[in-house]
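So, here come the structures, one by one.
You will see subunit A twice below: alongside subunit B first, and alongside subunit C after that.
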Partner chain A sequence: MRVAPEGRGLRALVLAALAFGLIGPIAAGLWATARAGFGVMPVIGATEASLAPWSALFALPGLATSLKVTAFTGIVSTLLSLILALALTAALQPRLTGGRAARLLAPFLAIPHAALAIGLAFVLTPSGWIARLLAPILGLDRPPDIALVGDPWGIALILGLMLKEVPFLMLVSLAGLTQIPLAQHLAAGRSLGYGRAAVWLKLIVPQLWPLIRLPVMVVLAYALSTVEMGLILGPSNPPVLAVLLTRLFFAPDTALLLPASAGALLQGGLVAAAFALLWLTERALAMAGRFWLCRGGRGHGLDPILPLARGLGMIAAALGALAMLALLTWSFAWRWPWPAALPESWSLRAWTGAAPGLARALGLTLALALATTALSLALAVAWLEGEDRARSPRAPWAEALIYLPLLVPQIGFLYGLNVLFLRLGLSGGLAAVIWAQALFVFPYVMITLSDPWRALDPRLARAAASLGAGPWRRLFTVKLPVLIAPILTAAAIGVAVSVAQYLPTLFMGAGRIATLTTEAVTLSSGSDRRVTGAYATLQTALPLAAYAAAFLVPALLHRDRRALRGGGA
Partner chain B sequence: MSLVLDALSVRVAGGAALFAPLSLTIGPGEVSTVMGPSGVGKSTLLDAIAGHLAPAFTLSGGVTLDGRDILALPAEARRVGLVFQDAVLFPHLSVGDNLAFGLAARVKGRAARRAAVEAALARAGLAGLHDRDPASLSGGQRARAALMRSLLAEPAALLLDEPFSKLDASLRDEIRAFTFAHIRARAIPALMVTHDPADAEAAGGPVIGLTPQ
Partner chain C sequence: MRLHLAAAALAASLATAPAVADDWQATLDAARGQTVFWNAWGGDGRTNAFIDWVGDETARRFGVEVRHVKLTDTAEAVTRVISEKAAGRDEGGSVDMIWINGPNFLAMKEQGLLHGPFVESLPNAAYLDLSPGAPATVDFTEPVEGMESPWRLARFVFAFDTARIDVPPETMAEFVPWAEAHPGRMTHPDPSNFMGATFLKQALIELAPDASALQSPAGDAVFAEATAPLWAWYDALRPNLWRGGAAFPENESIQQQLMNDGEIDIAMYFDPAAPAAAIRQGLLPDTARVFVPKGGSIGNVSFVAIPYNAANREGAMVVANFLLAPETQAQMQNIDVLGAFSVLDPARLDDAGRAAFAALPDDPALPRLDELGPTLIEPHASWMTRLTEAWADRNTR
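Then we have the complex of A and B:
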């Protein structure tokens, strides 16, 4: 007699949730965008298929420049982030183990993209902190007349993206390294006469690459299609493609929705082309690398890379900290003339003046974060428990499915989806925003929770079963309590991702749902740095508090349980 | 060509020494054996000599190889080869490329390097396996490939960390003979740590018992 695998119902439920909640809507959104890109959008009375949206798109002034700067910032920031992340990991690895790395990187991962961009702008602008500090040395009596933020090359944007992506890539690299017999390979390589940096480059990175390829693709897709960072740090005229498209989507003239949709398809094509380029580079490097490896050069000249990376890492960390400090300082500043390094007078007026708006936005942001995180966590636990009960490992297609929402540019399907929701009468509501955010929160929660879940000693559940506990009791009384630390870490990441969402809130909320993030981004283009600083500070404080709770709660709960006090991911 | 340990001892930072200070002179072609209970720090001793000690350890005493003090040198400059319990072939490279990776950079030109690797494969009874995935080799083949990779780097001394313990009993004699023959042929000093008295006997050199401090 064949024993049917357990947990069929659970897995069917998860599969249905994914099909109707994730794949279906993304496909429908892409389809609606594609139709609009070729002239069919019944909501605005466009029913004739044509190439007119494309000619309108390419007739836009500055489109070519916009495409060029998008490709440049996206590819260069990803490449530099990857190089710096790997070099930093190599330089710090002997001292960065397990919980320590997570604690060190957590604050950088928690900071929302928009808040970091605003803070960085406060530091970098001609009237910002760096110029103020240099003014007495260089003898400047007014802000220098150079574009340091919004520069035509997108250097400030590249810098901002790197500050967010380097910690993320370091975290996934460190996670990947646990699957490689690292210490042995380092010893083997060096006993053959290879320098430290050469061992990393020739032995460790080739083994690590397959484990971090998907996260690198996520970074590449994000860098090529970010709206909020492009808006705050990128060049303004013409801006990066995603910013240009967002402007078109929100233009008063609805006829512009058609070329905007064509542009969204172009954005998708740009990301696809970048993925193809990555794949080609990987193949070429694999071939060239073999000859390089077999030549036997010991690469001692490469070793200065490591202290260099450490120095750059320290500068980046200092810049990030300075950006956060700038937000806080501006929010409490009152009179702050140039070139004083600190405000002449302090005030709570930015906070008290904006208090009603701040409180409303905070409440809404918190509600969205809790709802999306709870939803994502429930689905992730159901998925992982379903895998356990079926006793089958995850199929590669399922792994790719988790990453799907992070690999397709948001702008490519979100507006199309919004149009569909409009037809169904669901647009502009809180439910639509919760669902749209969960689309991006779920992958991160799932990715964070998968490794610790699989690392759980299977004998615990078996022991419980042999004591007569059924599958649900095993889940709720054994697995979940033992896994509380990683579950809370995943929840903190969920909160951070939800708080950081800009485009899903903007599009699915039809501009009516004002969170800390949408408000901060809107304010950042205005002139009052004090109020902007207050919104961005609060926007950063929320995920930081979530991370702090994720570290503290298990430490308190398990203060008498040494085996469970690992301290997060 | 000799490896000299002078009152070498290792301690965990702030803690006691792992084992009593060790003094030892190993001549060319000689294989000395260090034995001792698990946890006494046999592998840590080899890590100390080869330069792979984790930051948490501190070390006292001296190690000279052919008259040079090697403790101040980074691992890659010590010219001390390491042979591991489970071979540690690099999984992303073919068998031949693993050996080519070890082959000294002094051998130049693609044809000359390929010939040197093929010759080493033949000597190890691995002829024709140049393009094989190391994961597809048998335990004995892996052990021979790993030893060849170490020797192609032209080490001035060789450290063996329980090199035969993962092999089937039937293979062990053959691989032991192969390993020790190559060490003698190269006339380099070798230090082996092991649990197995038969290893020590086959090595034929002096046997030192490592005792906890």
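Then we have the complex of A and C:
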């Protein structure tokens, strides 16, 4: 009985922190954007509410095409990523548990979206690496004039998104599987004569789906609103909606801020519509699936899916690895003209030339990553511990709340958020950037930490309680040490997310907080691959070091505790 | 009272020169210890290095530090000042100085977002030609009125690879037959980008029936009449552009990368020294050279402006003044450093200043000013907006 008020206090504290720190800013940002979208933005002299921004938006040439391409690339990339991630998980699961999976996936999780996109563009483009290898064989003296990157359908964009999202979805699927009595269900299915793929499809995936639904929605929202990847890999005339809006937001004519804001609302609407579609599909599949399950087919015909997935997964991994290798090679190149397969001349200038700025940016990036991750981790642990003490599962609204910053397109609230921070006198400082980054780091930390936390054997805490340990002692001496591996994995992901933040850092830091990512984007404007390569290597190295620490620290701490060693996530 | 005013006016007229000097000393005193946040496009490593050098020098000489806030687009800084105004932060703003261009200058001037006039209070403004109508007094036909200070010249030029092309097109009109003979070998940045719009403007000036109409705001009828030949020219050109005219590079540096990758043979810049600089950076083949259309090319002056709420206004003025010093301008025009052409009026330089410019090194890829032909004046800023919109209307589906 003594425990209850304490638990309630902790929960109230966490809720208050979230309400003021998370929902408040986002709501304020959305409010400012919504007002501007309906014509009210006093600072540029717009005071009359009207629908004019909307008619200006819909009068933009190519808007319909842009919407179509955005919806197509967003939905198709998410769908394909999900299918491939599940099939790969099923195909590799017996050999791919815990730390091994995380080690394999870590580089793909660590590399920032923009860097991967630039590397991939160089691999795929008609003057790129693959074409250069083929040029002597095919006798090409000039690159063929084919749109392999930036194609009107957005195929290259879909591919780039998949390279980033499949590893992420695999990671959350593997974490989700720890919640399911996997071995028993697989054995039961096999003993009833179901094929391997069929067991997964009929038994495991329906149980896994509720555990990965929100991460899938995060992927969907990201794919529909990415600026960097759309810019580098997507079509250009017209571009995807988020790129179109960025152009409007940064047009010299400030009156365009109004239709840009209306467009940000439209972007939000598009994401909401995609969520509705997902929900409808889920319902329809649930009904059709029940029928299909009851028919009882053993589904041996499905088994070739698994080697196929393995093959596709290997191709994807090879492409991703090539993209990363391309960036690393470029960072040491000097001249590397078409059709040379390797640089004509080498140089360290990309590294040494940027060195002074690089060192400062590295320091700031590291400081920001540590601060945002520590903050997010503390909040996440407090939230999860609060749930434990209340002995209540998470309400759906609370779940949605955590994910809110990832579900609302960034461009829809960052401008308004900036105005709010300015009013509070916060903008332009480290604190503002930490706050803004934490909005996006916290959800990922929660995604990664929640499942291992719930999977913790409750008997440990009960045993400690029966030995007289209070709730705080149980938290600090039992739960946290046992959960050190997943906590460090969550921290590593937090570091990766923090390092990659571009728009929040730029807006809230008034451009003064120069991190690796903001420097990489501005220095090269996306075009000097050597500089991009140097920065991207560091951008990837920092989270990779965090992942390495996440594997090594538990292994060292728990070198004599076998069950605690493997990264649970 | 009247007598007092008259006396003051007399005193002021008698003592103009010392008064300016005193005021400037006051500015220098106030600036000491300030850190100027200079918001400038950060996409060019050599410009970034030059800005770093400027900061080292102003710190050493005047105790004014410079921090380069690197932008991907100048409008970022404009948006930042707007959101500060929205939040009521009328003092202590985060942007002290902006490297600004015509359309953004017009927007900020119209919205009352600029500090000034301040140019005439800069001692080094004496080296500028500020007579009415001089290039440093108008920005996209908008009168500068002392609200922004010049620092480098911009000229529109093309670059081509002499190893691949023998004779580049001589006029904008000749791009059509050239592209027909070399399909897919040229393109231009998307016109929503500054450089893409400039390409269209360059063609517009050459092709418009009456180029003088471009100096006034673009009304509907005038716009339709002036642009009709442009669109006929573009419709003939577009099918033979890179990717069949269905995709365009985002900006000039992406286009330069396409040229370096061998995908196209022509790039374009707003700086005659840019190709020479790019060769030295390994970003273009050694065989790249500059060409301009026979009738000359668009030129303008790059300026720096100070927002109305700048926290370090005096420091920004000290930096703007330092940028106009003859030795700074000579350093800037040195192709080993940056190569950007100076904005100073040679006639106003003293012997030491002239000698500094005469001693600058040469580069085979660097054109001489007389090779660039006449400078064409920028159309009124409204033409750029309308051209961009009309291009999208015609070419984006």
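The working rule: the second predicted complex is superposed on the first by the 475 of 569 C-alpha atoms of A that agree within 3 Å, B and C clash if a C-alpha of one lies under 4 Å from a C-alpha of the other, contacts with A are read in each partner's own complex, and residues count from 1 in each chain.
Assume contacts are C-beta pairs under 8 Å (C-beta built on N, C-alpha and C of every residue); 3 or more make two chains touch, one makes a residue touch a chain.
Since the structure is predicted, the reported quantities are computational estimates derived from the model, not experimental observations.
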Contacts of A:Pro181 with subunit B and subunit C, given as first, second, both or neither: first
Comparison of subunit B and subunit C by subunit A residues contacted: C
Contacts of A:Tyr194 with subunit B and subunit C, given as first, second, both or neither: first
First (subunit B), second (subunit C), both or neither touched by A:Leu51: neither
Touched partner set for A:Ser527, first subunit B, second subunit C, both or neither: second
Which of subunit B and subunit C A:Ala321 touches, first, second, both or neither: neither
Which superposed partner A:Leu134 touches (first subunit B, second subunit C, both, neither): neither
Subunit A positions touched by subunit B in one structure and by subunit C in the second: none
Touching residues on subunit B, where the partner in the complex is subunit A: 47, 50-52, 54-55, 74-82, 84, 88, 90-93, 97, 100-105, 107, 110, 113, 149-150, 153, 155, 159
Of all residues in subunit A, those that touch subunit B in their complex: 94-95, 181, 183-188, 190-196, 202-203, 206-207, 290-291, 293-298, 300
For the subunit A and subunit C complex, residues of the former touching the latter: 41-45, 60-62, 65, 125-128, 142-143, 145, 147, 150, 152, 231, 235-238, 247, 249-254, 257, 334-335, 337-339, 345, 347, 353, 415, 418-420, 422-423, 427-428, 506, 510-512, 514, 518-519, 521-531
Subunit C residues touching subunit A - in the complex, by the definition given at the top: 37, 39, 42-43, 45, 48, 67, 69-80, 82-89, 94-95, 101, 103-104, 106-107, 111, 183-184, 190, 192, 242-244, 246-251, 253-254, 256-258, 260-263, 282-283, 285, 385, 392-393, 395-397
